[in-house]
Amino acid sequence: MKLLEYEAKEIAKKYGIPIPQGILIERPEQVNEAIEELGLPVVLKAQVPVAGRGKAGGVKLAKDPDEALEKAEQLFSMEIKGYPVLSVLVEKAENIKRELYLSFTIDRANRRIIMLASGEGGMEIEELAKEKPEAIIKLPIEPEIGLKAHEAREVGKKIGLSGNDLRQFEHIAKSMYKIFIDYDAELVESNPLAITDRGLVALDFRMIVDDNAIFRHPELEAARERELTETEKVAIRYGFFYVELDGDIGIIGNGAGLTMATMDVVNYYGGKPPNFLDIGVGARRDRVKAAVRLLLRNPRVKVIFVNIFGGITLASEVALGIVEALKETEIKKPIVARIVGTAEEEGKKILQEAGIPLFESMDEAAKEAVRIAKEVAA
Amino acid sequence: MVVLVDENTKVVVQGITGRYGKFHAEKMMKYGTKILAGVTPGKGGQEVLGVPVFDTVKEAKEKFPEINTSIIFVPAAGAADAIIEAVDAGLELIVVITEGIPVHDSLKAIRYARNKGSVVVGPNCPGVITPGKAKVGIMPEKYFTPGPVGIVSRSGTLTYEIAYQLTKRGIGQTTAIGIGGDPIIGLDTVEAVKLMDQDPETQVIVVIGEIGGDAEERLAAAIKRGEIRKPVVAYVAGRTAPPGKRMGHAGAIISMGAGTAESKVRAFREAGVPVADIPSQVPDLVEQVLKK
Amino acid sequence: MKLLEYEAKEIAKKYGIPIPQGILIERPEQVNEAIEELGLPVVLKAQVPVAGRGKAGGVKLAKDPDEALEKAEQLFSMEIKGYPVLSVLVEKAENIKRELYLSFTIDRANRRIIMLASGEGGMEIEELAKEKPEAIIKLPIEPEIGLKAHEAREVGKKIGLSGNDLRQFEHIAKSMYKIFIDYDAELVESNPLAITDRGLVALDFRMIVDDNAIFRHPELEAARERELTETEKVAIRYGFFYVELDGDIGIIGNGAGLTMATMDVVNYYGGKPPNFLDIGVGARRDRVKAAVRLLLRNPRVKVIFVNIFGGITLASEVALGIVEALKETEIKKPIVARIVGTAEEEGKKILQEAGIPLFESMDEAAKEAVRIAKEVAA
Amino acid sequence: MVVLVDENTKVVVQGITGRYGKFHAEKMMKYGTKILAGVTPGKGGQEVLGVPVFDTVKEAKEKFPEINTSIIFVPAAGAADAIIEAVDAGLELIVVITEGIPVHDSLKAIRYARNKGSVVVGPNCPGVITPGKAKVGIMPEKYFTPGPVGIVSRSGTLTYEIAYQLTKRGIGQTTAIGIGGDPIIGLDTVEAVKLMDQDPETQVIVVIGEIGGDAEERLAAAIKRGEIRKPVVAYVAGRTAPPGKRMGHAGAIISMGAGTAESKVRAFREAGVPVADIPSQVPDLVEQVLKK
């Protein structure tokens, strides 16, 4: 779950990390009050839970009040990667001498937390990793002892820091590591972490918290809600996993791997799925019904392809869910199904009686779905 | 010999009194897996499916010293504790079915297990099956048959799908290991493939990968270095998935530049591993290898 | 630093530990409102930062409103071990089936955290340790992995728990351990932890937080202040360590060991020190002056014995502090001094010029102080 | 041989640019202690008292591989980190002068040091002196003279007091170790006494205890078990101190039933250790033992 910048910065501040002076506004007009308090120039930053905001035009510098208002209005009218801009963080512009990068994340392969630092901040780390991998210093952390101050300091030296900057870097790294642990984070990142007139300042600060650990951080529930589109919220209510994409062949599968494979097969035969919808483990008819209704209501979806391999999930429950969804909705769309596994026979019977075409293999089913989608589109 | 589980596997089920725990314990017993005891804190002294329930794994192990394996169905908030408990009881193999364990908890419990020498499979995995001998997991067993193919998979239902397609073609399996889809898992792809590589009965190893992480890239590198001697056939799910979005519980998320399907497929091909575009090509590729 | 019961219980609640329903009152009359909300019977508990409150009469049961008011009035008029009762926690009485003991503390000898549990709660653990040591179960904790759930459960079984009580015990133990770590605690204790109609409830809950770690818990500063008498607050402001005792020979030393030894010597020769006053390391004249003034103003003090072994502390600074304190106060009291170490000669000279008797050995100085005290008293 | 420090001790001073650090570094150098380098993060490249200052202990050790000892004057909030840094640099002896270190920090750093094989003296201690050879600490050196008595003390100024009284009587010291008064310390009373016991030059061991903890009781038990062969003479400060109150920084607090002066004195006497009632009796007791 991604926190918004201002939320992450509030946490950073609590842990003693220097951040720019800033005020959150929720309407463009409020920018004037903010400027009165902060002075000029200011940086206006759209608060959206996605990376790459800068490139998408979500960060703007303003040198006078008119420019600030104009840019605030621009930002509030934007939508960045599907998220409307509901709030803007107005920050006093800092005098930047140099930009650094610092983050903590999980190194899956080695099953440990790792610190990444670079003397070249500002660029997205993925790009930097491609273009200049030698500029990224990696520090693996022993969980038993945590981040060692002297190792953080040694990294600071490697990225060219000395004197007070070096001391501050050590301090900020320790604070970020503590945040990483205290908040069950998957990522804590400052990019850029800038050297300014007043020392090191975390110009940007990002946090991703483990969704599975939200129960330990109930205060962050709101952030999780916000990250979801309306449809994804419905999905969460019913307990399935839903990601919206472009395309016209609605996919329902069970299990992330099988659902992704189903998308791959549809794609292989020339179709394009508009979503990822995994009904999860042990889905009962209600959940399946909600999933089917969701796709029926999505105007992009021309045909629905249900691909189930029953293990814990009963094929019969899936079949009942599909049939009930069709009965209760006005919208009619063609459905193609392939069902194998636990309670396979019962499930097949239910679908046959409802007139839904059944296939033995996912390849055949996918081909048929692609054919129908093209037919409907034509 | 087969991998990880066989007729000598003696199991304790942690979380046996829960709905899933009980359901799958029963299916495992029917398959012939030797389940000797269950553990649910606070329910010691009860009996479930004819086996005694204990408050702690230690008590179960004291009563049945031959127990060497645990399968964990404990809810996410307590699952890491359950792993640590199984490690402290000296169990060799710990299969963790539970999904949704906080990643910091997994980090701690799995590191602990590895330091103490216990093998953890999972979490968030379907378990391990050695067809005809033992099943320590939740997979629908009827799609698996004995034979020469070892399966190592990060996925659940997709593993069943591919085993089913192999079985339909008359190609059985030595052992199938679902290593789990979480960001932090115990036995990883490379380690699981190496176990398969050392198993005399396994002739081909099928690896079912997915987007996210760099397990497939690391396996390809190990193959390139000559660390795996047996032929490997691969499939990578998620070529159509967009970057930066999490695809279901599986933790299949692409970030930090690595972990795209393209990067994985490329790495496999460069290591000489044939890669299926879609699951139905896997049996063809396996057949080609077996014929050689 | 000892938290008050209600403060510790607020933390316990935040960590999911069941506590009795309770309301804090600051005037006896407020007990009626509390009863209206809680119902009867209630337990009234004086909020003082000391152990052994129950024995001192600081906990009272009330079955009707009149009794409650009467007992509240009694409590508010009490002083327990030197602390006036400024607030009373009114709690709904629980139906107690059995009392347990559970605590976390630091095992100095083995340099680790230890959990102590007993099936026999209610009694002070020190007494239990003497009378029935076998009833206390000790569980050492590996810091790298923390309290293991199953080990807590095994302890629960050893003290006779089963079923839901056992599960709850495990949960409470884990929460208490987490509090211990999160709050830099030296002690987290529930005594009694009671088995009631509604499961396990922490009837009492105590916390001692490491004074040296208060900088990490600024929200607890208030608690630290409260724990001190007025005179001790003065001491903290000037940076020395002061503990009030009974007796008439005021002691000023440097270093805890030497100051305690000085008290021991005075005691050995038949005197009684009214305080422990350690001016600490590297004291300068201001601190010494404040220390001397503090003792001059204490009516119990008949004579002051200054015993300094200068290391970092300069004898000359100590001497100047004494002389300045004497100059600036109206109150005159005899002073006996023994000064050795760094800048000894200068210090001696300053004191000699001020007419303060000087001794080579602490024994001689102590004998003289005792003699003077007896003379003044007679 | 003498204990812990001697002419082969090569020192780095962590926190050398601070007021205390510099003051005591100078005094140590004057005493003849070989100080090769200082460390203060962010002040690397400077020079203090003629020795180079580095940003890290590692750099100091790279420049002067013969460094085997550190003395730490770093402020409390960073002192545990400084200990861990010295351990990672492979130093054998780490003397921690800093007082006021949070006890959870000390727990972590000292456990780390012990696991890695470094000896920590302190924190909150006056250090170690081997009269005439080396001083790694803050004690006023002139009250210490070479001789046959080993001193192990939990106190600072009281150690100087007792050394002074011994010296006035013409009884010198092999080594005096101030082990520190915090609840959690590195080298403890029993370990320090055992080091003295193994030192061929030490003939009598003076132990200066104080209220709180159970170090003296444990030493008495070790003596009873025959683990210490040399004669021990003890003094315990705080007989007059009330229970439950903390006496200064020293962490001398009595709780949990143990740690009273009475309990300690009784334990010593039961182990056959003569105990002084007041410091001035210590030289008498030592003389009696030396005469035997």
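Descriptive notes on the structure:
Residue numbering begins at 1 within each chain, and the chains themselves are lettered A, B, C and D in the order written.
Going forward, a residue touches a chain if its C-beta (ideal position, glycine included) is under 8 Å from a C-beta of that chain, and two chains touch if they have at least 3 such contacts.
From a predicted model like this one, the values you see are computed outputs, not experimental measurements.
If you compare B-C with A-B, the chain pair joined by more contacting C-beta pairs is A-B. Averaging Cα atoms per chain gives one point for each, and the point farthest from that of chain C is the centre of B. If you average the CA atoms of chain B and of chain D, the two centres end up 54 Å from each other.
Each chain gets one centre point, the mean of its Cα atoms, and the points for chain A and chain D are 55 Å apart. Centre to centre, using the average C-alpha position, chain A and chain B are separated by 27 Å.
Counting partners per residue, chain A has 143 as the residues that reach two or more other chains.
Of all residues in chain D, those that touch two or more other chains are 108.
Residue ranges on chain C touching chain B, taken from their complex, read 145, 148-151, 153-154, 157, 162-167, 170. Within the complex formed with chain D, the chain C residues making contact are 50-51, 105-106, 108-109, 111-113, 125-127, 129-130, 143, 181, 184, 186, 210-213, 215-216, 241, 243, 245, 253-261, 263-268, 273, 276, 278, 280-282, 309-312, 340-342, 361-363.
Those residues of chain D that touch chain C in the shared complex are 20, 23, 76-77, 99-105, 107-108, 110-111, 114, 126, 138-140, 143, 153-161, 164, 181, 183-184, 188, 208, 210-211, 213-215, 218, 235, 237-242, 244-250, 252, 255-257, 277-280.
Taken together, the chain D residues at the contact with chain A in this complex read 41-45, 55-58, 78, 81-82, 84-85, 88, 108, 112.
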